[in-house]
Each structure stands twice: as structure tokens, then as C-alpha cells.
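Chain IDs A, B, C, D, E, F and G follow the sequence of writing; residue 1 opens each chain.
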Amino acid sequence: MIEIYLILIGIAVILSMYRFFRGPTTADRIVAVDIMTTLTTGLMVLFALYYRRAIFLDVALVYAVLAFVGVIAFARYMEGGL
Amino acid sequence: MSIASIVGQALVLFGTFFYVLSSLGLIRMPDVYNRMQTATKSATLGSLGVIIGVGIWAIGEVNSYSWISKTLIIAVFLLLTNPIAAHALIRAAYKSGVPLWEGSIIDKYKEAEASLERVEQIKEALGESAKEVEKNE
Amino acid sequence: MNELAIIIFAPLLAGALAWLIEVKGIRELIGVTGAALPLGFSLLLYQKTTEGINLALNIGVFNLTFALNHLNWFFIGIGTLVGFASILALVSTAKDSYEWLFALMSLTGVLGVFLANDMMTFFIFWEIMTFASFMMVLRYNRSASLKYFLLSVFGAYAMLIALGIIYAKLGTFDFGTIQQAMYQEAYASAFGAETLLSKNESALIYLLFLIAFGVKAGMFPLHVWAPDAYGETNQSYTAMFSGVLSKAGVYGFILLYVLMGTRLALEFGAFRSTTKFGYIIAFLGGLTIIVGGLLAALQEDIRKLFAYSSISQLGYILVGIGVGTALSIQAAMFHALSHALFKGLFFLIVATIVYRTGKTTFADMGGLAEKMPFTFAMAFIAILSLAGIPPLVGFASKWVLFEAVISQNLPILGGMVFFGSAIGFVYLIRFVYAVWFGQRPTDLDETKDAPLPMAIAMVILALFNVILGIAPGLVAKELNKIFGKEVIGGDLFILDLGFGKYNALAVTIYLVVGIIIAGIIYFLGAKVRKVPVTDTYQSANPVTMEYNLTIRRNFFLPLKETLAFWLRISFDRLYRTIGTWVEDLAEVMRTYIYNGNTQSYAWYLAILLLILALWGV
Amino acid sequence: MNQYASLLIALPLFGAFLIPVLKKVGKNLVMPFLVLVTLIQTGIAAWVFNEVYTSGKPIIIMAGGFRPPVGINLYIGHFAALFVLIVAVASFLMAVFSIKAVKVEPQDKYAMLFLLLMLGATGMIATGDIFNLFVFMEITAISAYALTAYNKTGEASEAALKYVVLGGIGSSFFLVGVALIYGSLGTLNMAHIAQLASMINPTVAKAGLALLIFGLAVEAELFPLNAWAPDAYQEAPHPITAVFSAFVVKASLYAIGRILYILSASEGWNSVLSLLIIMGTITVVIGELSALRQTNVKRMIAYSSIAQVGLIAVGIALGTQKGLDASIFQMFNHAIVKLLMFLAVGYAALELGGPEMENFKGLGKRMPITAFGITLGAIAIIGIPLFNVFWSKMQLIMAALEAEKIGVVALILGASLVEMVYYVRLIHTIWFQGDGDKIRENSALALGMLLLIAFIILIGIYPQPFWDIMQKAGSDIFNVAEYIKNVPLMGVSP
Amino acid sequence: MVKRVLAIVFILIIGLWMAKALDQVPFGEDRMLVGKYYLDHVKEETGAVNAVTAVVVNYRGFDTLGEVTVLFIASTGVAALLWKKRKERSAKTEGSVVLTTGARILLPFIMLFGAYIFIHGHLTPGGGFPGGATIATAFLFLYLTFTLYEVDHKIFEPLEGLAGIGYVTVGLIGLAVGGYFLFDWIWQTWGVGKENIGRLISAGFIPIIYTLIGIKVGTELTGIIDNMIKEPEEGGQ
Amino acid sequence: MGEASKVSRYLYTVLILFIIWMFLTSSFDPQELVMGVIFSLIVGALTYEVFTEKGLANLNPRRIAYFVAYIPYFVWAMIMANLDVAYRVLHPKRPINPGIVECKTTLTNNTGKLVLANSITLTPGTITLDIKGDRYFIHWIDVKDESVEGASESITKPFEKFLKVIFE
Amino acid sequence: MNPYYFASIALILIGFYAILAKRNVLKMLVGLSIMETGVNLLLISVGYVSGKSAPILTEGITPNNAVDPIPQALVLTAIVIGVATTAMALSVVINLYEKYKTLNVEEIRRLRG
């Protein structure tokens, strides 16, 4: 069953990738990245269940933290705030 | 199949729907502001669904309650950070000069910025002391 | 510690001490002692030459082995004698400790070369000699020293490869073992048996040795370093440089005969009455005589003149060696000795002139016989000796050489040797008149005669020129010892070659009588008006500076013009052109490869990876 | 007791980590501290050297107490013991020089990077594990990047950029090589790999070996991977340039040798050897020719160093014990001579306002000891008898002859010929051109130079004991069976 | 254009070559030799359940020490290269109240999370490096948000050094106690925590080393961020 | 309302951190708890000054009660918002009418402002673009009222009544 | 060729391509990072064993169904080294830009020959 969700979310990630490559502005790309990271976090959590390993949840959390700060960094850079 | 599994799976399904929706929004909306509008909201809700869903599902599947506590942490973290990130991004987009969609009807922020600029100019005219004050704030 | 160690290392040690102490007076004392000790000990060792004497020093990875025998005693005799004279003269002309160090170091080098009993030792001391003499030249002229060093090292490395091949094939550096092995090789190859060295390899070794020793001996066309190097250093030192160091090359050729003469002769056969490999040496020697002689005649600088003269004289020796009969080799060795004696003397004379006048070109000199009578007397002996006028040693050796060559029925070589003698007269005339006679430039009016150390040094060499000239049998005896048979017969005063005879004593007596008569006539009779040299007219026109065919300036301009075409073919220039070309190429390559662009550099990595991929490693 | 040799790793680390604390106590303590640490390191290295050479057995340091291949081991055999000592001594000398030469801030960072550079080279030489080799290589490389750019001029940054980019590509491909070898054998320990070498799939072995050597060759300055080197040598602070030439490049060369020989049982080994010979040869030719018309003395000597590296690589790639011995001898001698030369040139450049040849006119009169140092170094490196390099070049030639490679002999000699040309020009410029006021030479540096000179001459006239050491060191690398035997491998079965 | 085409051709050939070699290393097959040993012995020999951690800290401790060193070099090197006499934070605009308040609230959480990661390194896929990196992320967030925020260098630099000293010292104690550098004396000599494999207090010195590494990495990365984000003051070369 | 005492703020921070720790470890193993206390104390000491202003006062039961009540309200709003999104995204004509409007808030507390901004972002058709003092600039996907008062009424007001109690 | 190896090699090559073809120094450094990523993926792929899980011996994982831990440990190290290299390179570039006012690699060539 889980496979279906994994595939669906995978599709969502790929769809977001369209926006990443398409742009047209840098802002669009970063928004796409932001959404992709959120989706990926969910994907990781789902993978943890798929492999029955709770330890992967920690990985998902680290990923969420890093991705968030990463997006903030991009945002601050883009607005010329640094 | 236990109740937890069913509930959990339902939540995951619910979340997955919004995940897909968020990616669609990203594609279909006409400008970065509207993309953010749609994508952020559904991605966040989707995360809540998927992640908490997994936590509940695991109660039935792996028979462990430690999953739900961790997934809750992740979910709350995303709930807190996603709108912050969205806010930071939209502000950045605006400040970096990405224009609003041509169908947009109003831009109050622009007006406010203009008046703020006028205030700045007055401050400038008042001289160094004003700057000092600002710095100390 | 035995005597050989003292002979070899005393100069080096003295040089180092002199260099460190740097107190005028003491420095000179140490230096001269350092040169005197080898001389003394080599004289002491004379009676030990028959039973031989060995020295093995375990310095370094290789054992340094030395041995004394008749052959090398002859050469260290030349080396220590002329070396001592040269070092003595250095007392007057050396500028600083630097020169003491390297002059003495080069003496160590050359004595080590003569005494070495294996190839490695030979090479090491060869390098020490080269290096030290290079440092002496570097002091005076960078480009001359560089040319010298490059060619020398080129030669040294050729030798290194040769002895590397020998070692790889025969597994030894020891002269005795090599000689034996080569001898066996020679007969093995003659009988078609398997040999350790192939024909090509022995040819290669020969070629490499030819280059190695040819450079040092100043053999055409490897001679180009010599005029500059001999000219551009302390002239007292040049006495040793030209007199002794060049003999290392000669010694090397003799060694080549000793080690593998049989092998080469049998492998490559004969040309007319001589071996092919020997004929090559002889022919190059002949060319060396001509080129050196002609160019000597064209020089305007007194130092250069003798430098080219040295080259020319070395040519004689090479001819002798190349002809390859026992007699001709003896003749070559004899001439090596006499060349060392008279050329050493010449350079000391030049050193004295330069030291006293500060001038080096003929144009600035003249009439010095009056101001430097002693030096002039020395020059007189040297000139006679070089020109091959009996009863001086130069005549004896040259005579034997002529006889040796002519007797072998080699007309081309004979012609070359004869031409060399003729041109020798030509350039000597220049030296005689331009320096010693004629009008003296006014700034030379205060010129003093030779200082004491130089005078002593000159006297030593002059004496030997005379003694060995009157008693050439002394030398012949030693040469016969080397060959173990009587090649040159006769007694103390008479050289008997079988088909010719030279009685030095008789000639001396005739000559002395003749001179006495001539002196009487001169002092009693003739009144000669002294005419300033510049007071000459040509077709009633005053002589211009450009076409001033006085003896002191452009005297041989017509000759030069005649030879213009040939003079343009300069090996010196050729080598220079090649050098410049290599450097230009290197610069282009360097700026192209190291072009500064990081990305290009990354491409180099990609290219290497591509090669790896295509190579399929 | 022997495990205390791990202090060779621990001490520089401890020292480097202590510097930030020390800086709080007093900023001017940092440089003396650097000298102190390198001095102690020298002491330890000397002890280790003595231990290894008197017992004749290598010291195997087992980190964490695990036997190899389970744990990483350091293998301080005859080679490592010798070169670790060289690293320490060179570091000590250059640390002293740094007090005089390094005035750019922040000195505490310089001192840390310096110690870690020393650590990296020490580790590269000592380690017995290919991935650990990578780690130490990166320690060396990254500190080298930083130190190259340390002067913070545009040119220094440019040099460092080149170094970083090329080094980065090199280390990436090195890791691909590690992945191939590991994927094929399931182990990273060098002795273990050597043991299993005949079992590797030949395709993997060849590509893996080639990639490992490719990665190392960037650091080892082999053409065409060495384009960064002249720039880095030119722009790095003077003591660092000396250190680069003295041991950084040597560590990489050693690593090439070690990896080459532990995989000697694999198929396709010979094609890697011949490739290495070609690379080495071109390195020599281009290095020497590039030095010819240099007007920047540091850069000139840098090219000369590169050429020497080529010679060493050729010796390693001869594939014979004699070749290795000779190469190691050459490494050893070259390290000493270049230490002297860069020390002297660096010092002169400091006093004269830059390493341009123009400034060196009259150096002989102005700074006689320094000038003497440069001269003697030049003479030695050309290969004049009575100086150390002569013997190693000689041995290299002998080795080439024994391997029947006359071309290599010609290469060595030809290189010496070219060296002669540019070094003679330098010597002449120093002694016989120009003039100037005498400069009082720093007595510590003068002493250092004289010590090195004495050492060069000592080896020059009495090379036998050194040659004995080199032969032991060479056999340490060449004799792989012995190496495998010396490492106490535990049986690991799949 | 030519350059690009050539580059593509080159890398394709190189890629083909690597692929050919990799083809001989079949994917997904069990080729473990030493790896298998680790899996079999990790619990008894190190007390860690995370075999990667045991490899990282115990079996291949030298690598990790080196790795710590590499990061230390980077931090030192960056500081050396970007060193200026006077440097100041000069962010142009401050983040909005959302960002600043978000940073305040998230800071303790992220730091705690970092600590969680490094202290559980022997139990979960974590360790000193990710833990330290997470902590550094917290500081990065502050740098990104506030105009004038700056860490206290007086504390950070010595802390970085002390953590490193701590690591080396732990290793040296191993040398003194157990005879080997980096010997796990807590586990092998003292036997602490033998009974609670899989629980927090186990795995010998791994948690200690990971704590030290966590602190070290956190301070180092923060230092790098600090150096890169700051700009020299006008004229303050 | 001014700042609470340091002790209060510190204890509050430690408490929150410890709770998070327990969630993270999801274990009652005493070893974990002890370590949790230690780390909470350390991290709390480093961060309490920025983390909270009111300290333990946040734990006022009334605030907690409002907070608990706020959650379902907010979740409901979020779901509605997403259905709204679904409608706009999936509708073939993309029915949107966007613009940037201004709202005023009566909240003075920063945390309150943050939560308000986040709530706005996650609820129907709005996203917080910037905040200047008490002025919220909001991107509205379907602008219904351009005036400050009108916009405030429909966007900020509904949340403010909760947040006022929880954070002020 | 299996997709993991393929992806690793592709990443390495893409990174290398960037270094060879991009003029902007920063892009070249990005290329370097991509290469490093590819290498790391390769290492991990080499250690993967089909059907086995992460080598953390909890939750029912035993030595028999865990993948090789070594490559994972190696990659941890390699990642950190990559980060360190990148950090160094960036600060070099910062200095470089300050002095040369350009990031075009073809203009950064004062040192040559």
C-alpha cells in the first residue's frame, strides 16, 4: 500500500521540478525548492514506515531543519538583506 | 487491519492529495505570489496529513508509540517553519522586484514603501542625530 | 695514508685552508705548499713506479681506487710540475681566496684523474676538475664559463653513459678487469663467439668517449669553449688549465687505447695503415691543428692567441694518438709533455704581461723587451720551443711526431701537421714583434719586469724546456718504460727511431756557437736606425686605422679576408644558435602550457584521463 | 611502548588545537610555541627513527587497539621512520624561519595551518590504509590551499584557486579509485589489498590503480597535473614554499610508490608503470625547460623542483628495487637541498624586497652566507661530485642502466645540463653582478643554512651510511611480501 | 562552442572507461569482508548498535580524527584568508518580525535537536558531524535574520580548540590506559554500560567523542559562516 | 506587560525544551530523561533570554485553554483554505483576483504577531508579505475589500481574539 | 549498467563538464561540488547489498540483513572533506574577487609562464 503513496508523492516532487526548471524568476525556483523540500520530508517519513525503521525519522527532521534554513538563506540573499 | 492503521492510512491519503495539489498549484498559478499562495498552504496541510498519518499508522503496523511522538515533532516543526519560509520568500520576491501578475488589482505595500521613503528622506535632512537614534533602537 | 693520498688531496686541503684562513701571506704559503707537496711526492715515488703503488679509499658508495704506474707517473709528473709553477705564479696574480680554493681544487681533480684506477674514480675526479676550473672561469666571465661548463658536462655525461654501459655489461669499473674483459671480448668477436658488448654498443661507447675526451682536449668541433675559457680567467691559472687540464683529455684517449684498443681495432678494422677508429681521432686532430692555427693567427688579443694555439697544439697530440702506432703514441705523449712545458710558460708570460701592463690586445703593446728583459728571455725560450726550434723540447717532440706520422704513409695527416707548423710560425711572429719590439706606447713606459714568484715559476718551466730539449732521452726512457719495450732508441741526447736520428746535444753545440758568432757581429758592426712602427707608409699614403697593416693591428687582415667564407662557418656560433633556439622554444612552450588559465589546467587533467581511458589501463 | 609513536599524530594535533587557547593567554606566544611543538615532534621522530633502525622492525600503530584490517594501522617502517624525521626537521627549521618571514596576520592561524600541514604529510607517509591516506592527503592539501593564499594578495589567491580546482578534481578521482578497489576486494588496508591483489579483477585493478595514482599525481606535481605548482610555490609564504618542496610533494610521491607496489601483483601493472615513466619524463623535460628563462628566482627553483620530482617518479616507475632506492635517495637529498635553497632565497627575497632575479644582483657581497647557501644548493642539485645529489643521481643512473633504460640515463644527464645553465646564471648574478650595502644576516637563519650545507657536504663525501638507510627504506616499499608479513593482519573471512 | 563539444566528447569517453571498470563491480552483491566483521562484532567490541558510528569512531578512528582536523583546517583557513583588521556585520536589512521571532523561538529547539543528534550517534543515524552542523544551522539562522548579530569570538575560538584538545586527550588516555591511541578505555577497560547496549549510556567513549565533535563542528561551521558573512569595514584593510 | 524574572524565563525554557526532548526520544528510559534534563539545562541557559519574555507566565491556565481551543479552530480554517486552493487550482478558469492589502493589528507581542502572520499565511487566500509595526501587508488571492478596516475585519480579526489572550 | 552507478558517473561527469566549460569561477566550484556528490553516491552504491537495510542493529536488523557499514562511514568523512574544500575555495574566491574584480576564469591569469 505504502508504495502507492510513495509514488504519488514522488510524482508531486517531479511536478514541482517543472517549476524549478521553468522559472521564470529566481523566486519561482526557490519557491519550487521550498515545496520540494517539504514534500521530500513527507516522503522520508513515509520511507521510514516503508522500511519499518523509526531511526529514519531523525533523518527527516534534520532534513527539514536544514532545508528550512537553506530556504531562508536564499530568501534573504534574494531580497538583498545580507 | 487495526483502526490505527486505517486512520493513519486515511490521513496519509488525505495528505498525499494535498501534496499533489500543491505541486499542481505551483505549476498552474500565474505568478510567484499566487503560486506561493496555493503551494504553501496545501504542502503544509499535506505534510500534517502524511506525517501524522504515518505516526498513527505505525501504531497499528509496527505497534510502537514512539513513532507518533517523533512525527508530531516533525509536523509541528513544518507547521511553524513553512509559513515563515513562505513569508520570507514572498517578501524576498517582492523586494527583489518580481512584478505582481498583470491581473492584480491593488498594491498597498508599494504605497506604504513610498511614504516610508519620504520619511527616510526627512530623517536624512534632520541629520546625523536621527541616524544615531535609529542605530540605538 | 699513503703518498698517493697526499699527492691527490694535498692541493684540495690546502685550497680549503687557504680559503678559510684568508690571511694574505699565510694563504699564499699554504697554497704553494699544497702544490709543492704533490710535486715532491711524485718525484719521491719515481722509483716505486715499477712495482706500482695502490690506494683504496672508501669514500661513499663506491670505493675510490688509485694506482701508480709508469703511464700515470708520466702524467702526474707533468701535472705536478706545471701545476706547481702555475700555483706559484698565482701568488702574484690571484685576486682572492676564491681563486686559491678552486685553482688548487682543480689540481686535485686532474691528479685524481691521472691516478684513478677505476672508471668511477676517474669520473668523479674528472667532474671535480671540471667544476673547479669552471668556477675559475665563472669568476671572470659568465658566458665563457657557461659554454665551457656545458660542453664539459656534456662530455662528462657522455662518459658517464659509456661507463654505465660498460658497468652494466661487464659489471665492473676496475680498469684492470675492464681491460682484460675487453681483450677477451676482442678475440671472442674475432672468432665470431658471443660477446657481452655488441658491435653497436662498442661503437656507441667509442663515440661517447670520443665526445667526452674530445671536449676536454679541445678537439674540433668541440673546441669552442677553449678560447674563451683559456682567455677569460686568471692567466697564471691558464698555465695549468691549458698545460695540464687539457692533458686529462689526452690521457683519456690513451686510456681508451689501453682499455679497449684491441677490441675496437678488431671490431672496426683498418683504414690504410691505421685503425679506423684511430684514424677518426687523428683526422679530427688534424682539423683541430688547422682551425686552431688559423684562428690563432687572426686574434687581436694576446690571451686568445695562445688559447687557439693551445687548441692547435692539442691537435698534434691527437694526431699522434690517432695514428696508433707505439711510436706515434709515444710521440703524442712526448708532445703532451712539451706542450705543457712551453704553453705553461707562455701563459705565465702572458700573465706577467697582463699583470704588469693591464693590457691584453696587441694594439696596446709594443717594445716591452726593453722594459721586461727577463720575461722576454723567457718568452724567447718559449717561442723557440713552440716553434719547434732545436734544441728545445718542442723540437724533439715535434720531430718524433713528424717521423711517426710520415713513416705511416698517411699523406693527408702529414699535410695537416705540416700546415700546423707553418701557421705556428705565422702567429708567433705576431707575438714576437707586436709585444716585444717596435714602438712602445707611452703608457707602458713605467712597466716593471716579472715579480719574483712569477719569475721563479717561469724559470722552472723554462729550465725544463731547455733540459729536456737537450736531453730528450730522459723522456724517451720513461716512455719506453710505459710500453715495456724500446720504441725510441738512442741515449740521453740522441733519439733514434731507426729510420731517423736526432742528436740534441750536437745541435745545441752548433747553435750556441752560431749565436755567439751572431752576437759578436751584432755588437761589433751594424748600426740600425730605429724606426717607429707607425711611421710606415703604404703607397705614399698614411696608414688609416682601419687598414693599418702594422704588426700590432689587423696584421693578418688579408688572410682574414681570404678566409672570410670559411670563418663564417663557426661552430661556436652554431652551438650558440642552437642554444638560443632551444631557449626560445622552451619559452614558447612554457608560456603556452602554463598559460595561467585555471580552466586550461583542468583540461590537462581531462586530457590525461582521456589518455588513460583510451590507453585502457 | 612502541604505540607511543602515535604521538607523531597526536602532538601536532594537540598543538594546533591548543593555539586558539594560547592566543587568549598571549598572542606573541604563538610563534615560539610553533617552534617548540616542531622541536618536540623532531625529538619523537628521532626516537622513532632510532627505534625502527636499531630493531630493524617496523612500528605498527593500531588505532583503537584493533588489528588490521579491522582497524586502521600506521606502518612506520624504514621509509616512514626516515621521512617522518625529515618532515619534523624541515618543519622545525621552517618554523624558525617563519618567525622572521611571516609578518602577515593572523599568525596564530598560520601556526595552526603549519602544524596541520606537517601532520598531514606525516600521516600520509605513515598510514597503512588507502582511505586514511586520502584523509591525510586532504589534510595536507587543504592546509596547503590555505597557506598558499595566506598572503592574501590577488596573486596568492589566484595560485590557491588553481591549486584548489586541480586538487579537488584529483581527490575526486582518487576516491573513485578507492571505490573501485574497495568494491572489488572489500578492504581498504594496504597490506590486506596487497595480499589479495592477485584476486582483483584486472579491469578494476588497472582503472583503480590508474585513478589512485592520477589523484596522487596532482599533489605529486607530475606533468600535466602540475600546472598549479609553480604559481603556488611562487606565491606561498617562503617557509611554506620550502616545506612544499621538502616534504609535501615527497609524501605524495611516496604514496604513489606505495600504492604502485602493493598492487604489483595485479594484472596490467606494467602499463601503469610505463605511463608513469612517460609522465615523469615529460615532467622533467618541461620542468627544466620552463626554468630556463625565469626571472623570478622562486619560480625558477619551483620549476627545478618539479623537474626533480619527475626524476624521482621515473625512478619509482623503473620497477626495480634499485630504482626505488635511488629515488628515495634523491627524494632525501632533494628535500635537504631545496630546504636550503628556499630558505636562502626566501630570506634574501625578504631582505631585498622580492624574489626577482634583478634584486639578487650583488647578493654575494650583501648577504654572503645566504648567497653561499643558494650557490651551494644549486651546485649540489646539478649533481656535482662531493655534494649529496651527485650520489643519488648516480644511483638513479645505475638503476636505469640495470633496468636497461638508456633513455632514462640520457634524461637525467640532459636535465642536469639544463639545470646547469640556469643555475650558473643565478650564481653569476649573485656573485659577480651588482653591488650594495652589506646586510646583517640573522644568525639563527645563518646557522640553519650552515647546518644544511654541512649536511649536504657530509653526505657528499660520506654517502655510504645514508645509502644504507635508503636501501632499507627502498626495500620497505619494494618488498611487498615483507610488508604484508610485518602487518599483523587478522584473518577476516566473508 | 568547440570547447563545449570537445568537453562533452572527452567526458563521455572518460565516463565510458569508468563505467567499464565499474561494470566489473556488480551492484547490490554482498562483497563484505571487513564490513561483515564489523557487523558481527560491533556490539561486543564497541557497544554501539549503529555500526557506521562504530566504524567511524572506533574502528576507523584515525579517519574521524583526520576529518575533524580537516574541518578545523577549513575554519582556520577561512578565518586566515578573510582576516581583516576591522570587520563588522553589515547586513543591509533586518528580517521582518516574523523571521526574528521565528529565529528566537526555533533557536533553542534546533540547538537541542543538534545535541540530541550527537548524543544519540551510537543508536541512530546521527553523530557529531550532523549534530554540530545542526547547531551551526541555528547560528546561521541568527546571522540570516538579525543585522547585527555576531557570536562571541572570545568564547567560540577557544571552545573549538578545547573540544579538539578533548578529543586528542581522550585518545591519549586510551594510549596510557589501554596501550593504543584512540583505544576505547571506557568500554574495553572500564566496561561501563556493558549491560545496556542499545540504551543511551553505552558504547564506551562514542558519546563523549561525539559530544566533543558536535561542539567542535558547531563552533567551526559557525566560525566559517561568521567569516564569510561579515564584510570588511570601509578602509579597514 | 514587562519582562518576567530571569529564573522564570529560564525555568520555562528548560521545561519546554525538556518536553521537546521527551517527544524527540519518545522514551521514558531514565538515562534519556537524565540526559534530557542536562541538555535542557544547558541549552536553556544559552537561549532563554531570546526564547521567552514572559517565562512561566505563559503557563497561565487561561492561556493554555485558549491555546487548546485555538488548535481546532485553526486546523478547520486551514482545511477550508486548502479546499479553497483546490477549487482555484483545479478550476479550469483559475478564478483569482489577487492584490496586496493592508491590515492593522492590535497585537503588540512579537510571538503573537508571528503566530498571527503564520495563521494568515496558512488560511484562505492570504499570505503575509511584510509587517511594519502594527501594519500587516498581505497578498490576497481574491481581494474582497481594499480598505484597511475591511481587510482587517475579514483577515486578522478572527485570529486576534484568540491570540490576544494567549500572547498578550 | 545499473541506475545508481550510472547516476554517480553522470554526476561526476556533469561536475567535470562544468569545470571544463564554465567560465565563471563559482560555477566551476559548483562543478567540483557536484563531482564530489557523484563520488559519494558511488561509494554508497558500491556498499549497497540488495534487500538489506541500514547497518544500525535495532528494530530487527541483524548482521545478516544489514548493508556494508564501511562505505557509509567513508562517505561521512568524504562529505566533511568536501565541505571543507568548498569553504576554502570560496574564501579564496572572495579574496580573488576583491582584488581582481572579476570571476571570469580567463581574466584571472596574472600568474603564468
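Just so it is clear, a contact is a pair of C-beta atoms (placed from the backbone, for glycine too) under 8 Å apart; a residue touches a chain by one contact, two chains touch by 3 or more.
No experiment lies behind these values; they were computed from the predicted model shown.
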**Asked** Steps needed, at minimum, to get from chain B to chain F via touching chains?
**Response** 1
**Prompt:** So which chains are sitting against chain D and chain F at once?
**Reply:** E
**Request:** State the chain with the largest centre-to-centre distance from chain A, centres being mean CA positions.
**Result:** C
**Complete:** Max Cα-centre separation from chain E goes to chain C
**Complete:** Per contact tally, chains sharing the most pairs are D-E
**Asked** Distance-wise, how many Å sit between the C-alpha centres of chain A and chain C, to the nearest whole number?
**Response** 87
**Centroid spacing, where centroids are CA-atom means, of chain A and chain D in whole angstrom** = 47
**Item:** CA centroid of chain B to CA centroid of chain G, Å
**Value:** 31
**Message:** Between chain F and chain G, what distance separates the C-alpha centroids? Give it in angstrom.
**Reply:** 39
**Asked** Which residues of chain G are in contact with two or more other chains?
**Response** 12, 16, 19-20, 25, 28, 42, 46, 54, 56, 58, 68, 70, 74, 77, 81, 84-85, 88, 91-92, 95, 108-111, 113
**Shared-contact residues (touching 2 or more other chains) in chain A** = 52, 54-56, 58, 61, 65, 72, 76, 79-81
**Message:** Where in chain F do residues touch two or more of the other chains?
**Reply:** 20, 24, 114, 117-118, 128, 130
**Asked** Residues of chain D touching chain E in their complex?
**Response** 3-4, 6, 9-10, 13-14, 16-21, 23-24, 61-66, 69-72, 74, 105-106, 109-110, 112-113, 116, 119, 123, 127, 129, 131-132, 135-136, 138-139, 142-143, 145-146, 149-150, 152, 157, 176, 180, 183-189, 192, 201, 203-204, 206-208, 492-494
**Request:** Could you pull out which chain D residues touch chain C in their complex?
**Result:** 161-162, 165-166, 169-170, 173, 206-207, 209-211, 214, 218, 224-225, 227-228, 230, 268, 271-272, 275, 279, 286, 289-290, 292-293, 379, 384-386, 390-391, 394-395, 397-398, 401-402, 404, 406, 409-410, 413-414, 416-417, 420-421, 424-425, 427-428, 431-432, 461-464, 467
**Asked** Along chain E, where are the residues that touch chain C in the complex?
**Response** 7, 10-11, 13-14, 16-17
**Asked** In their complex, what parts of chain E are in touch with chain F?
**Response** 96-98, 100-105, 107-109, 111-113, 115-116, 119-120, 196, 199-201
**Prompt:** Given the complex with chain G, which residues does chain C contribute to the contact?
**Reply:** 587, 590-591, 594-599, 602-603, 606
